[in-house]
Every structure is written in structure tokens, then in C-alpha cells.
Amino acid sequence: MYSFNNDYSEGAHPKILEAMIQANLIQNGGYGLDDHCAHARELIQKEISRSDADVHFITGGTQTNLTTIAAALRPWQAVISTDKGHINVHETGAIEATGHKVIAMPCKDGKMTPADILKALDDHSTEHMVQPKMVYISNSTEIGTQYTKAELESLHHTCRQKELYLFLDGARLGTALTSSINDLSLADIANLTDAFYIGGTKNGALFGEALIILNQDLKQDLRFLVKQRGAMLAKGWLLGIQFEELFQNNLFYELSAHANEMATMLRDGITACGISFYSNSMTNQLFPIFPDEVIAKLEKDFLFSVEKELDNNHTVVRLVTSWATKKDACRNFIKSLKTYLS
Amino acid sequence: MYSFNNDYSEGAHPKILEAMIQANLIQNGGYGLDDHCAHARELIQKEISRSDADVHFITGGTQTNLTTIAAALRPWQAVISTDKGHINVHETGAIEATGHKVIAMPCKDGKMTPADILKALDDHSTEHMVQPKMVYISNSTEIGTQYTKAELESLHHTCRQKELYLFLDGARLGTALTSSINDLSLADIANLTDAFYIGGTKNGALFGEALIILNQDLKQDLRFLVKQRGAMLAKGWLLGIQFEELFQNNLFYELSAHANEMATMLRDGITACGISFYSNSMTNQLFPIFPDEVIAKLEKDFLFSVEKELDNNHTVVRLVTSWATKKDACRNFIKSLKTYLS
Amino acid sequence: MYSFNNDYSEGAHPKILEAMIQANLIQNGGYGLDDHCAHARELIQKEISRSDADVHFITGGTQTNLTTIAAALRPWQAVISTDKGHINVHETGAIEATGHKVIAMPCKDGKMTPADILKALDDHSTEHMVQPKMVYISNSTEIGTQYTKAELESLHHTCRQKELYLFLDGARLGTALTSSINDLSLADIANLTDAFYIGGTKNGALFGEALIILNQDLKQDLRFLVKQRGAMLAKGWLLGIQFEELFQNNLFYELSAHANEMATMLRDGITACGISFYSNSMTNQLFPIFPDEVIAKLEKDFLFSVEKELDNNHTVVRLVTSWATKKDACRNFIKSLKTYLS
Amino acid sequence: MYSFNNDYSEGAHPKILEAMIQANLIQNGGYGLDDHCAHARELIQKEISRSDADVHFITGGTQTNLTTIAAALRPWQAVISTDKGHINVHETGAIEATGHKVIAMPCKDGKMTPADILKALDDHSTEHMVQPKMVYISNSTEIGTQYTKAELESLHHTCRQKELYLFLDGARLGTALTSSINDLSLADIANLTDAFYIGGTKNGALFGEALIILNQDLKQDLRFLVKQRGAMLAKGWLLGIQFEELFQNNLFYELSAHANEMATMLRDGITACGISFYSNSMTNQLFPIFPDEVIAKLEKDFLFSVEKELDNNHTVVRLVTSWATKKDACRNFIKSLKTYLS
């Protein structure tokens, strides 16, 4: 049984694990105030060419989202998301639990547009309604799509004009940045958002996301909130070490590139079988539309999740590759698929 | 200038005001623990034939909604509403501010259906999503429509089957119950919901809503929460007196019937002009679709609100009548409309 | 049975009621956007000599406290109160329900001192602790004491120096300002605090508190929060009318002066009986220490509350007078006390 | 420079790290639904002789506290803690951020007594006050002291009688259970509390706390809340592996015993120097009272934290030992102390 269920089925890349082992018995200060975190911060600041950026290392994505959004918004303000946004669907109401409405805008391909933002503002025009103040996007998105530089610039422009913060959830940022159609750099993202995070959990770390705050207004006293929400790891240097490894020698990009390469193998093989996809993903999440009887057979050898039933005979499934996905597994999947389709 | 802007433009019906004047210098216990509140509770219990019901008097509708919903839900649970629901749109995120997501289901006529509830449950099936636990409906709805007994029974049945609480916002319950197409009684509503409230503010009281809790699970210690949310009026007997008057001698129904009668005058007059309506309301909120140039002229003599632009030349406006609306005002409005249309 | 239980046992002063009756059938805009509120705002701005002040009318004290504090604090910040503070004890955790800790400092006489503030800051010095950002005081206090101008100036000075907001709960401000030992004016209070409120509920209004925001930082978008917390009355002009009456022709001061006069009658009479007091109150709340057997007898004719048991034979009770307290009732109370003590 | 600053300065015990390395490339299900977590759950259920216990693995202590308390309390309820309680002081208001008041009771030695609980109940007797519903204690406590079996039984008894939940924070439970004066077992604790947690972070794990729910009322749907608060680790098996190691072959106890042994070396050496202690700790946190000039000298070679200034010349410091503390370091500390005192 091989799992394409997600990109967090294995532990850490061996280089990361090795660095943790090396440091294991060396004493460090707690709560992220240590040399590893300091060094990792510098590496990231350099990578994004923004020495003024604040960098916080947080264990998981939901924590990072809820902490950042709760820090940015006044009690009556809301965040705009696509209806597929992770904060809108898959975090058990984490944002609402901090007191804020998520304004969910319908979307076709998982992406937000300036028109969506203007519509959300138009729909919320009086003091009897929440006040939109932040736009949340994911890159790559929840359905594997990604933003072009032009698209991100136009969102940036709209947000500036309307005095909205732009926050980018980068849980899968690596696969967006290394996909074949990408034209964005980390530095671009830093210049076009008010805050974003770089996902480690889904890109070869044991755990950890690097939250990067660019906008001065969002920086103040954030560590208080990180502590309050239980998001400040006692042995914070564990996060520092992992991001040191990721941002030395391009490991971050290499791991994502591998995940994308494996996805491309799957995508090409599936396409060759005449199967179409629910979303136009060039990253590590694929959403092929399979006949139901084929799914039943594939499930005997492979783990993957069902996204949604499309009609009586067809279902969208989700296949996810990662830094650890094996070529052989992809080959076997395609081989099985061909067999079951014929 | 005459206002059809809302149903809370005037004070209280003279009988209510008179009762308040009579009691003004008599000492009463504070916080709703007084003889007037006790008597009003009895009158309502009798009206709904449910001596087991808990009755709380609360100053306003938003307070009543947020208190009831916050009391019913565990932190990870959510309330299902139509997308037009007052809690979803017009309370500045009051429910989210208590930590709970409002699951907004698209609707055509302002009403929830069992299918909507099942869809919401289907969309929220794992622990990574909020857990739907309550259904919120309004009667009459935000666009003036209303539930039939059969519709409410089917919602009740679905909620029972799925272990959901059913909560009915009755800010404008009077006009639903006295409309020409109504087949529901207050007793029916008490038997088909877990909690509901009877609106006084929009039906001739200075202020005040009577929250009625039928489900034993929702009764416990509610007064603690009412106090915490600032919803416990010091001179609580002011609420008791008003509901005593409303539920003696049928005043509650008479006032709503008047509002509906005035709305019928407007509706018939507008229809006679060949104007159609955005919603099929038989209650005191009407949503005619006027040509834009007519609106500009009507606004010189009448106050009313714009609901939404329909196309380049037509706009939906909202006209609201109340217990205090004058026949002459309605006649004048129709007369003006005819003039401006010709 | 005569009640000295509180200062909200009766309705409104006849002048206030008369004004409400006069305006009853005149149409007004909703939610505090009407001429009466505008006029009342002007009267208060003039009374405090601060045309830049924002004035909001809110139905009750708990609502006013929770709205103001929630608006002022970021999520990790806390408010400093005395341990007897209304927000710390008597609001069922209303402030914590908005997410903020109340730092309770022990006090002797119900009053905060600069030393208390410095101690609270000293106790909360790292990011692992809440960050104190506001000081909450009441005047007159929960045990009837009051601040001198010098005391308020020194609190103001400490707060400025430490970048803390100073918020004064004036639910019983009238009795502080009209007591025989007062040296503060409303204008002084406006100049020495960042926000405060003037209580109407306990000083002759049916309900209503006037929240006055002086600090520019606390003004932004407050109406959104007022709406969200259910504190925006639909028929908001009812609040405007009441504060118009209170701040025309000095009614506000006259009503408080009467309450104080009645308290002085009680205080002098009780003192003459050789009874001592738990607090040194010159306002309308008195805390005499009565022998338990006397209390049992007094309770047959008078309502009042027990504050705390002092020893096996003595108990502190609370007697409250108001704008509506009758001279005869005070005389009778003293007469009964004398009888029962002899 | 050697650190006695805390018990989370090093990584994980080598056995734990080795187990993580072994499992690194094996695919596992996410979010704690994997074989390692299942096995670790069984080991703990067996250790406490309670197969009915729910066991959740959570990354850190603040998360565990806030999740458990938020799950247990209705919105108007509060938790009773000592004034030194971690939730009261050192979690940046994490509990208040979930909407609940922490009722802080003064304590002498870091421990709660039945009398404290009764006092807290007595102080909160009306619906105008929060309703105490849970008692929070730590073992070992924040100042290194610990509960006897008799003491825990009496707290249990009081809580049962008063219908309060008893929750024990076991961030440092290992050092309590292995101290020379301990008479409690994990099974005892399971039988005497409604919920407690076993700390891994401070006892040789990289991170992780095992939350154990005994009371049926607290079990329902807890994973929803864990997810919502960002406390559900994607690679949850990392927690499972660590607790498997801790509860196989007694590693959990061995590591704590070592920490206590090192503390005893320090305690004995310090006592032999004629130095007294601020608290009577037999666990791994010591609070010696040092002359200020000695502290200045010790700080050149050792890291430790200042607890509080006692008088002009003396300060209480905190020394913490752990599973990783070296004997030589303790010896050197005592040697330095002797030198500086002479």
C-alpha cells in the first residue's frame, strides 16, 4: 500500500534530521531566542532581500494563520478568502474562534481576483456589517493552482488602494515557486504582500512554518500573541535548525522540485490514459476525475482521498506527491491505472 | 418627509407607554426578577400553551441572537443560516465574535429548506471542519417571506433527525403570524423549535424581545450569559410591562395586523401601477423594483432604503410599514408613484 | 416594605418621561443617528468643554465597559482594575469573554493608586505574561468612595508616562460629582482620562450611559463594535432624549444631589446610633456594620443587600439611595434602627 | 557557560531520537491517527490502569491547557487556580483569550487546598459573577512543591462534592512522581482527576504532552477543538513515537529520577553552604536565596533565572535540572558557590 494521501506522510529530509541530531545535546535558549533561529532568520531575510522583515517560526499552519489574522484585525474586522480557502473550510473554524468572520468568495480555480475583493467590499458597506480588512490567499492553492506575478501584483495593487492587508498562506509555497509555469520569486512575494509564510511541514521538515511580516503595522508585539495561542515552541531551536537546512544550499527548492517532478510523472501518465482533471494544477496536488469502478480497484494498492463526487459514475480524487515520493510508486500507479481502465 | 425606512421609527404604542407611566414610581426588583416580568412570562407561556418554557426578556435582537447561539454551541460548533440571514449579514459579525462560524447557505426566497440543511451537513463531515449544531431561521424573513406550517414541520423533522437545534428569530414574528397566508400559531412555533423569540421592538414596544427556550438542554444558567453579554437590563421590569401589554387583549396581533394592512395598501397600489417585486412578501417589508428616475423623485417626499441595484435602470428598494404607519402616508406614496410613473 | 436595595428601583424622573411621551409618535432615524442624540452630544461636549469628544449612548453599564475595553486592547493586552472593580467582580466575566485578562489589584478603599499601577506593570514584564494597557477605575467607586482631583491627576500622570489608557466607569458619576467632598468637574474628568462614561440608569433615566471618548486612538470605527456587541439600540433616540433632559437645566446634578442628601440623612442617623461603617462613603452607597439581630428586624420593613459577614455577630450591609428616595423612608429607617438597637 | 535556566535546553533523549530516525521514511497517517499514537495510547492506558481513558497527544503545554479548559467550560464558567498557577501568570492570558476568567487564589507553597476552593465558590455566588466549574492544579507545582496522595484525595473529594472538574497540569509530573517524598502513582492521579496531562517536553522528548481525559463529559468531540486551536500536529506520529519510548521500559521515570538526583546534588550542596530556600522543593526546580553579589559572580559561568528580589541584598533565583543535566555541572556550581560565599 503506497500513500498519495498527502505531503506529510514521512518524517524529515535526512539532512534536516542529521542537523537535529548533531545539535541534540547542545544547550540552547528557549522559545525561539537562540542562534539557530537567528541564523535561519538571516538566511530567509537574505533570500527575500528584506533585512527589515520580521521572521517567526511556528509549528503548524493553522496556528500561523490564526495568529497572524488575529494580530492584524480589530474585533469588528473580517478577512476575505476564496470559498475553498484553507481557513474557510479546513481549520474547524479557527479564525472564527478568534472572533473574526471569514468572508468567503466563490471562485473557479482556487484563486482570488481583484473583482472578488471589490465585490466583498461592496457587499460590506455599512457599520451593520463586518469591515473587510485583510485578504487571504494560498499559493499554491488548495486545488493546486498558482498565482502569476501579474496576478499577485494586481491583488497587491487592489489591497493597497483599498487599505487591505494581503496575507499569503505558503503551506505549499515551495511547489508553486518550482512549478514549470512559475514566474514569482520569494523576494517578489515579500514585496507584494504584507505577510506570508513559507511552509516546512509539507516540504521536508518534521514540522514548522516561517511566518514573515513585512508590514510594520503587523509587527508589534506579535510574540505575545504567538505565546498566548500556544504557538511558541519551548525548544524553538528545533524550528531554527530545520529552516537553516532548508535555506542553505537550496534544499527548500530541491525538495519542492522533486515533488513537482513526481506530480508531473503522474499527470502525464494519467493524461495519456485519456483522463481529465478537475483543476489545472502544475504543482504537487492533482485532482483527476476517475470512473468509480477504477477508484475501487486503485484503492487496493494506493491511499488517496476523495475530493468530491462529480456524477453518478465519476469522482474527483486528490493525489499528492512530496519530497519523499518514490518514482517507482508513481510508475506503479500509472501502470495500475492503465490496467484498470483497459 | 414620511419614513417607510423601517418599523422602529416611532416610540411605543400609547397603551404600552401608559403602563410604563403608571408604574414609573413604584419600586421593583432589578434585572428581570420582578412581578411584571413574572406576569408577562405567564401570559406568554399561556399563549404558547407551554408552562415549561423559559422566557427571558432582552433589550434587542442582536443581543438575543448572540446570547442564544453562544449558549447553545460548544466552541467548535456552527450555526446554519441562509445567506440573507440577519446574523450572517447585518449584525457586524456578532456571532463570529462569540467564536462560532455562520454557515451561510444560498437561498432564493429568504427561507431555509431541509435540503439546505442536509447540504450543510454534507459539506461539513470531518473534524477538520466546524460541526453544524444549530439551524437559524427568521420568520418573517429578511425579505418579508414567511414559513408555512408544513415547511416549519419539515425543518423541525430534519433538525430532530440530525440532532440540530432549531432557533427562530422572530424580530418580525408578529407580521408573519398575522399575514393573510399564515397558518402558524405561536403554539405551533413553540412546539416546532428549540428556541425562538418574539420581537417587541419592531411591533410597538419601545424595545424588547421575548426569548423563549423550549429545549431543556438550552435552559441551564442562561441568565449568567445574558448578564455577561450586557443583555440584562437593570430596570428589567420595563421589559415586563411592555410584554404584559402586548399579550393582554391581543395587542401584539393587532399591531402587526395594522402593519400588514398598511403593507397591503402599498402592495396593491404598487402592483396596480404594473410594478413587480423582488420577493413575494405578504408581510410588512416590501421590495418593489422601481425605475431609477422614479426613485429619485420619490426620495424627495419619502424615506426608504435601497436594497440592491438590479440593472442599469432599475433598483430594488425596501418599504417597511409598522403599527404606527398612517393610511394617508400610504395613499400619498401610491399617488406620488402613479404621478412619477406616468 | 421600602427598598434601599439599589438606585434603579424606580423608572425615570418625570421630566425625562414627559420628554419621551412628547416625542413618542414623531419619526426618527434609527441607531442613534437622530437629532435628539446629536443635541445630547452637543450638550455633553459643551458641559465638558471638549467639542472634539466622541459621545456614544449605550443602554447599560456592562455593555459600555466591555465595548470600550474590547475596542482599546489588542488581543494580548489586559486591563488593570482594583479587586473590587465592577468589571472584576460583578459582570459575570464580561471582559474575559472578550478575550482579555482583568489584572485585579488589592485595594483598601475601592480606589486605584499609582503604586498599584506600577506594581501591576512590574508583575507583568515579559511576553509570557499579558501586557497591561488600560487602567479601569470607578467614580464613585463600588464601595461609595471617590477620587479627588489630585488623585485623578496622579493616575493620569502615571498612565501617560507608562502609555496606558485611563478609563473611568461613571455608572455613579453623578453622586461623586455632587458629594460634599468633591473637587472634580466633568471637564476635569474629560481632561484626565482617555474615555469615561456618565451613568444615566442610576441617576434618573430609564436606562442609558453616555460613553465619552477623548483619546483619538480609541475613536476609530467604534460604532461597528457597539453594533457587534448588541449595544446599538434600534430606537436610539430614546437615549438621546434622556440625556438631553439630564444635561439641560442641571437635572443630572440635581438628581444626584438628592441621592446624596438622602444618603447623608441615613449616614448621620446611623452614626448617631453609634454604628460604624465599612467604607468612608460620602456618596449614595453606605456600608454600615450592623449587629446581626438588628438586620433580621430591619429586613421586615426594608430591602437592602448584605455585603459581607464581618464576624460572628456583625455584618456589613449596603444601603443605596437615589434620585427617587423619599425623606420619610430615610426617617423611618433611622427610627426603626434606633428602636432595634435599644 | 552552563545553563540551569530550564529543563528544555537540550533536545531529546537518544532513545527517543533513535526511534524517530528509524521511523523517518515510513509512511504514516496524519493528525495522530496512526499506529504509533495508537500504541502509545495503549501503553499509557495500561500504565494508569484505565482502558476507558481518552489520550490525546499535543505539542505543548499552553495548547494543552487552553484546549482542555475551553472544552470543559460553558461561556460563563471559570477555572480556579493558585495565583502562581502557570495559566494565571505565564501563558500571556491564554485562558482568558478563550473567554474564561481564571480565579486566582493566593497560596503559600504553590498548592491549592479545599479551603481555597470553598472560598472561591463562596466569593462567586450569584449570576452577576462567573461560575467556578473547574479546579486547575500543577504537580509538581510552579515552585517545585508537590501534592501528597492525601492532599489530592481531599481536592478530589471537594471537587466531586461541589460538581467541579479537577484538572492537573503535569508539565513536570515526572519529577513529582519520582521525588523522594512522593506517594502518588499515575494510576492514582487518573482516579483522582477528571483530566490531566503528562509532560514530555520537560522530560526528554523533543516536544509533546499526553492529555488524558477520564471524565466522560469532557471527551466529546475534543479532536475538533484540538484542530481548531492549531494543536493537531500534521505528522502526529512524531508524538506517538516519543511517548512509546517514554512508556516502554520506564524511560519516563528514569529521566525524571535523573533530574531529581541532580537537583538533590544542588540542594544538598547549597544547603551545606548555609543557604536557605524560598520553597520546599524536592523536585527539579530549586529556589535558593542568594546574596546579590554572589549572583553576579555565578552569572559569569552559569545561566539561571531570577525569581524575585527578596530584600535589598538577597534575591530568589531559580535553578532547574533535567534528564540531560550533567553531574559535573552540578559539582562545578556548588564549588563556585562555596568559593563566592567564602
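Residue numbering begins at 1 within each chain, and the chains themselves are lettered A, B, C and D in the order written.
The rule is simple: a contact is a pair of C-beta atoms (placed from the backbone, for glycine too) under 8 Å apart; a residue touches a chain by one contact, two chains touch by 3 or more.
Each chain and its UniProt protein: A, B, C, D = Threonine aldolase.
Predicted model only: the values in this text are computed from it and were never measured.
J.: Which listed pair, A-C, A-D or C-D, reproduces B-C with over half its contact pairs identical?
T.: More than half of its contact pairs match B-C, so it is A-D.
J.: Return the distance between the CA-based centres of subunit A and subunit B, expressed in whole Å.
T.: Whole-Å distance between the two chain centres: 42.
J.: Hey, how far is the Cα centre of subunit A from the one of subunit D, in Å?
T.: Taking the mean C-alpha position of each chain, the two centres sit 34 Å apart.
J.: Any idea how many Å lie between the Cα centroids of subunit B and subunit D?
T.: About 50 Å, centre to centre.
J.: Could you tell me which residues belong to subunit A and also touch two or more other chains?
T.: Correct list: 75-76, 91-93, 97-99, 127-128, 130, 224-225, 227-228.
J.: Work through the pairs of chains, note which ones touch, and then classify the graph as line, ring, star, complete or other.
T.: complete
J.: What does subunit D use to touch subunit A in their complex?
T.: 2-3, 5-6, 8-12, 14, 17, 20-21, 23-30, 59-64, 66-67, 91-94, 97, 201-202, 206-207, 224-225, 227-235, 238, 324
J.: Per the contact definition, I'd like the list of subunit C residues that touch subunit D in the complex.
T.: 75-76, 78, 89-93, 96-102, 104, 127-130
J.: Can you name the residues of subunit C that touch subunit A in the complex?
T.: That would be residues 70-71, 74-76, 98-99, 127-128, 130-131, 220-221, 223-225, 227-228 of subunit C.
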